[in-house]
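Order of writing sets the labels: A, B, C, D, E, F, G and H. Residues in every chain begin at 1.
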C-alpha cells in the first residue's frame, strides 16, 4: 500500500514539476505577453495543483490536507482571474502582440449558429 | 536538522530546489520585461511557485503549520497582482 | 587564516554573510540613487537584511519553530529574536508608508521625485 | 442603516463560512465552534452587499448540481489537455504558433456563469479571455486550431443547458 | 540538500536586490521587490520563524507592494 | 567621483563586516551564548505562565508586551503623521 | 475597476479572506500569526474590495469615522488591558499575576489577556492598513474636487 | 492599588493613552484637545517630580513591566540621570505646548491641529520612554516612535521646505535606526541579553571571545545615535528641519529630541560597555573631537545666517557639542557639565525658539535684518531673548554659565586645557552672533516690519516668562539640580 502511495506521490510530483518547467520554458521562449500568459496560467495552475495534490496524498486524511485542498481551490480561482486582468490591462493599453497576430470578429457567426 | 530526511522528504526538497532554479528564470523575465505585463506575469508565477515551495518544505521539515503561511500567500499575492494590473490599466489605483 | 578556513567560516555563518551583503546592497541603493522611491525600496531591503541577521541569531540547528505541543518534547529555536523582529517589520512598514506619503507631497510641490532636481529647485545643500 | 434581510443566501453563506472555519481550525471544542459561528455570522453581516442576489446565484440549484459536477470534471480533463498542448508547443524546437484575438458572443446570461465560463476559457486549450463585456468575449488563441475550436466548444453548450434547466425548474 | 536550497534562495535574494537597484522603470523595481519579499518568506521558514514569515507575507508581499504602487501612481514612473 | 567615494566607503564597511562575520559565534550552535536562561524559560515555562501554545505570542504579548504596545504606537504614529501630512491642503 | 470577472471573484473570495484573517488573529496564541499578520490580511481584503469595486464603495463600506474609531479602540484595548491589570493590583500589562484566567491551553479562550490584546491589535492593524492605503490613494481624488 | 508605585509606567502610558483618544476628541469635541494634552503632560511632569523625590530619598529603583523580572521582561530603570531627563522633558515640553496652543492656531490649518496634539503627546511619551527604559530593544522601538513623530510635527505644516526637511530627517533617522538595530543584533549575539544591566555583566566575557563584534557594535551605536543627535559630521539634516518647522516644533526638536539621543548614548556608553573596551578603542577620543568640531563649526555657520531660526538651528549643533564634550572627557566635572547642559540648553534653546516664534507671530518677519529695533515694540519677548542669548554666551548668573564652567573644570581635571580653550573660543563665537541681535534690538530704530506688531496673548507670554525666570533662577541657584546631576555622574562613572 505504502509503496503504491509513494509511487503515486512521486509520479504526481514529477508530473507537476514537468508542467511547472514547461510553464517556465514557455515564459522564456514564447514571443509575446499573451502567448506567454498561455504557458504560465495553464501550466502553473495545473502544476501547483498536481504538486499540492501529491502532498495531499502524502499527508493522508488530516487538517493539513484540507488546507492543501483549499489552497488548490484558491489557486484555481485566482490564477485565471489574475491572468485575465493582466491580459486585459495589456490589451487595453495596446501592448503590441507578436507579428502575425490576426484579429477575428466572430460575434455574428456565433449568433447565426444558435 | 535534528533528524534524518526520509526518501520522500528528500524528494520534496529536490523538487523545491528545481522550483527555485525555475524561479530564477522567472526573475529573468521579470527583469528584462520587455513590457510591464511580462513582469506581472512573472511575479504571479513566482507567487504560485512560492506557495508550492512553502508547502513542500512544510512537509520536508515536518512542520505542518507552515501551511498557514502558504495559504496567506495564496490569498495575498492575488491582491498585489490585482493592484498592479489595475495600475497598469488605468495609471492610477482608484 | 587560510582561504579555506575563511570559506568554511562563511559557510557556517552563511546567513550572516548574506545578510551583510544585502545590507550593503540596500545601503548602496539608498545612498546613490536619486529617485526617492528607489531610496525607500533600498531602505526596505536594508531593513530586511538586518531582520535576517537578527532572526538567524535565534536559529538552533535542528530546532523547530516554537509552537508547543503539550506532552511532546522537541528542540526549539530561540524565540526571542523572532518576536523582536515581528516588531521590526511593523516599524519598517510604518516608516515606508510615511516616507511614501512625504514623497507624494514632494511631488506635488516640486513636480519631481528626483533628489538632485529638488535640490536644484531649492538651491544648495544635498540630500 | 439599511435593513438587512436574512434570506436563504445569507444563511447559506454563513454556513459555508462556518464550514471553512471548521476546515481550517480542525478543532471541535465548543469554544472554537462558538467563535467560528460568531465570526462567520459577523462577516456575512459585514459583507451583506457582496452576497449573491437570487437573480445572480446559479451554483447551488438542486437540479443542476450534477450538471455542475460533470462540468467541472470536463473542465479538469480539458485543463490536462490544454497543458499537454502548451507543452507540445513549448518543447518543440521551433515554436509553431499563430496567435490571434477572436471576438465572439456566448449566449450565457447570468453574470456569474459568464465569469465561470471566462475562467474556464482561460484554463482550457489554447485560449485566454482578454476581455469580457456583456456577452462579448475577446479571446486570445494560441493557434489557428484553438481559434476554430472556440465556437464549437462544449463548455458553452453545457452552461446554456444548465441555465435552461434552472429557468425551467424555478 | 537543504544547504543547496538555502544558498539558492540567498543568491536569489541578492540578485533581486541588485536588479531592484538597477531597474530603470519604477514599476519593475517594485515588482522585483515583491519577488524579493516572496522569497524572503521561504527563508524565514527555513529559519523556523513562521510568525515572521506570515507577517512578511501579508505585509511585504501585499501591503508594501500596494503602497509602493500607490506612490508610483501618484508620481512619475521613469527614473 | 562621488560614486567612487561611496563605493570605497561601502567596500570598507563590507570588509569590516565580513571580518566580523568570520569571527561571529557559529550559526545555530546550541552552545551559543544566546541560548541562555532567557529563551529556556520562555520555552519551558511559558505554557504554565501564560497559557499560550505559541511561545512567540506569549513573548510578544506577555513577557515583552511593552514592546508590542510600542509597536502598536508606531502604527498609530504613522497614521497620525500620514493623515496630518495628506489632509493638510 | 469595471471588470465582471474580478468583481465576481472578489465577491466570492472576500468573505473567505476576512474569515481567514480573523482565524489568524484569534488563533495567534495557538498557531503562527497574531494580531499583526491577521490584521494585515483583513486590511488587504478591504484593499481588494476597494480595488475591484472602487474607492468610493470602499470608503462607503468602512467610512473614515468608523476606521478612526476602530483604530483608537484597538489601541485603547491594549493600553486598557494594561491599566486593568494595574487595577487588579499587578504591574502594568501583567497577565497571570493580575489574575486573568489562563484556561486550558489549546482553547481559544485561554492564556488570559493575550487573546484580548491580540484581538485589539488585530482591529487596530486592520484599520491602520486600510487608512494608510486609502489616504495615499485618495489625496489626488479630493484635490481634483477643489 | 498604590498609584505612586506605578508611576514609572504611568509616566509613559498616560500620554500614550490620551494620544490614542485625541483623534476622537479632535473629531467630535475640539475644545477638549488642549486641556487633555496639557493635563496628560502635567500628569507626567508631576510623576517625574514625585519620582525625583523618591530617587533622592531612597535611591534608584526599577519597575518590572508585567511583573516579569529583568532578563525576561522589560525593566524601566529610575535612576538619577533618567529621572533628571524625564523631568527636563516633561517640564520643558509642558511649557512649549502651552505656548504652542495659541501659536499653532496661526501656523497650521485648523483640521490638522488635533493631529498635532496627538503627535506631540506621542513624542513626549516616546522621549520619556527612551530615557527611562532599561532595555535596548525597547529603546529602539521608542526611537522609531520618536523619529516618526518628530518628522510628523515638521511635515504637518504645508510648505514645501517643511516636507523636504522632514523627508531628509526621516531618511537619516531610518539610517540611524538601522545602524542601531544592527548594533543591537551584534550585541545580542555575543551577550544573549537585551537588558542593560545583564548586558553589562556579560560583556567582559564577550570582549575576550568576540572583540570584533563588540567594536563594530560600538561603532554602529555611536554612528546611529550620532546621526539622530546631530553630532557634527552627521548633522546635515538638522538646520533645515529645525528652521522650517512650526516654532513649537522647532523648540521641542532642538531643545529635547536631540538631547534624548544624547542621554541614550550616555547611558549605553557608561552603563553597558566596559571601561576597558572603551579604553581599547579611540571611541571616546573620536566623540571628543567630533564635539569640538561641532562647537567651532556650528558656531561659525550660525554667524553667517540671516534667518533667525536657521541661526538658532546651527547654534543647536554647537550646543549638542558641549554635551558630547562632557561625555567624551570622562571626568566627573565634565560629565556633570554635560548632563547639566542637557537641561540648560533645553530651557534656553526652547526659550529662544519660542521668542523667535513670537517675533514671527507678531511681525511676520524672520530675517535678522528685519528685526532691528524690535525691543521698542515687543519688549517682553526681546528681554526674554536677551536672557536666552546671555545664557547661550555663558555670561554669569545665567544657567549657561554653570554648565560651561563645569565643562571647563572637567577639561582641566583630566589635564587637557585645550578643551577649556575651545569652550572659551566658542563663547566668543556665540557672543559674535547673539550680541549684535540684542544690541540691534534695543539700540537701533525700528524697521518697517516691526513697527506695529500683533500683541501676544497671555498663553504665549507666560511660558516665555517662566522659561526666562528659569534660566536666571538656575543660574543663581544651581545647587537645586546640581545635587541630582552630581549623583547621576557618580553613578555613571561608578564612583
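As a working rule, a residue touches a chain if its C-beta (ideal position, glycine included) is under 8 Å from a C-beta of that chain, and two chains touch if they have at least 3 such contacts.
Everything quoted here is computed from the prediction, not taken from an experiment.
The chains in contact with chain A and with chain F alike are G. Centroid analysis (C-alpha atoms only) places D farthest from chain C.
A count of C-beta contacts for the chain pairs B-C and A-B puts A-B on top.
The mean-CA centres of chain C and chain H are about 29 angstrom from one another, to the nearest whole unit.
With centres taken as mean Cα positions, chain G sits 33 Å from chain A.
Separating the centre of chain B from that of chain F, both taken as means of CA atoms, is a distance of 25 Å. Looking at chain B, one finds that residues 1, 26, 36, 40, 42, 58, 61, 63, 65-66, 68-69, 71-72, 75-76, 78-79, 82-83, 86, 88-89, 92-93 touch two or more other chains. Listed for chain G are residues 1, 3, 5-6, 9, 13, 16, 20, 24, 30-34, 36-37, 41, 44, 47, 71, 75, 79, 82, 92-93, 95, 105-106, 125, 132, 135-140, each touching two or more other chains. In chain F, the positions touching at least two other chains are 17, 23-24, 34-35, 38, 42, 47, 53-54, 56-57, 60, 62, 64-71, 73-78, 81-83, 85-87, 89. Looking at the complex, you find that chain G touches chain H at residues 65, 68-69, 71-72, 75-76, 79, 82-83, 85-95, 97.
Contact residues on chain A toward chain B in their complex (touch as defined above): 6, 9-10, 13, 16-17, 20-21, 23-24, 27-28, 33, 36-37, 40, 44-45, 47-48, 51-52, 55, 58-59, 62-64, 67-68, 70-71, 74-75, 78-79, 81-83, 85-90, 92-93, 95. Against chain C, the residues of chain B that register as touching in their complex are 1-3, 61, 63, 65.
Per the touch definition, chain C reaches chain F in the complex via residues 1, 6, 9-10, 12-17, 20-21, 23-24, 27-28, 31-32, 56-61, 63, 66-70, 75-76, 78-84, 86-87, 90-91, 94-95, 97-98, 101-102, 104-105. Across the complex, chain A is touched by residues 7-8, 11-12, 15, 18-19, 22, 25-26, 28-29, 35-38, 40-42, 44-45, 48-49, 51-52, 55-56, 58-59, 64, 67-68, 70-71, 74-75, 78, 81-82, 85-86, 88-89 of chain B.
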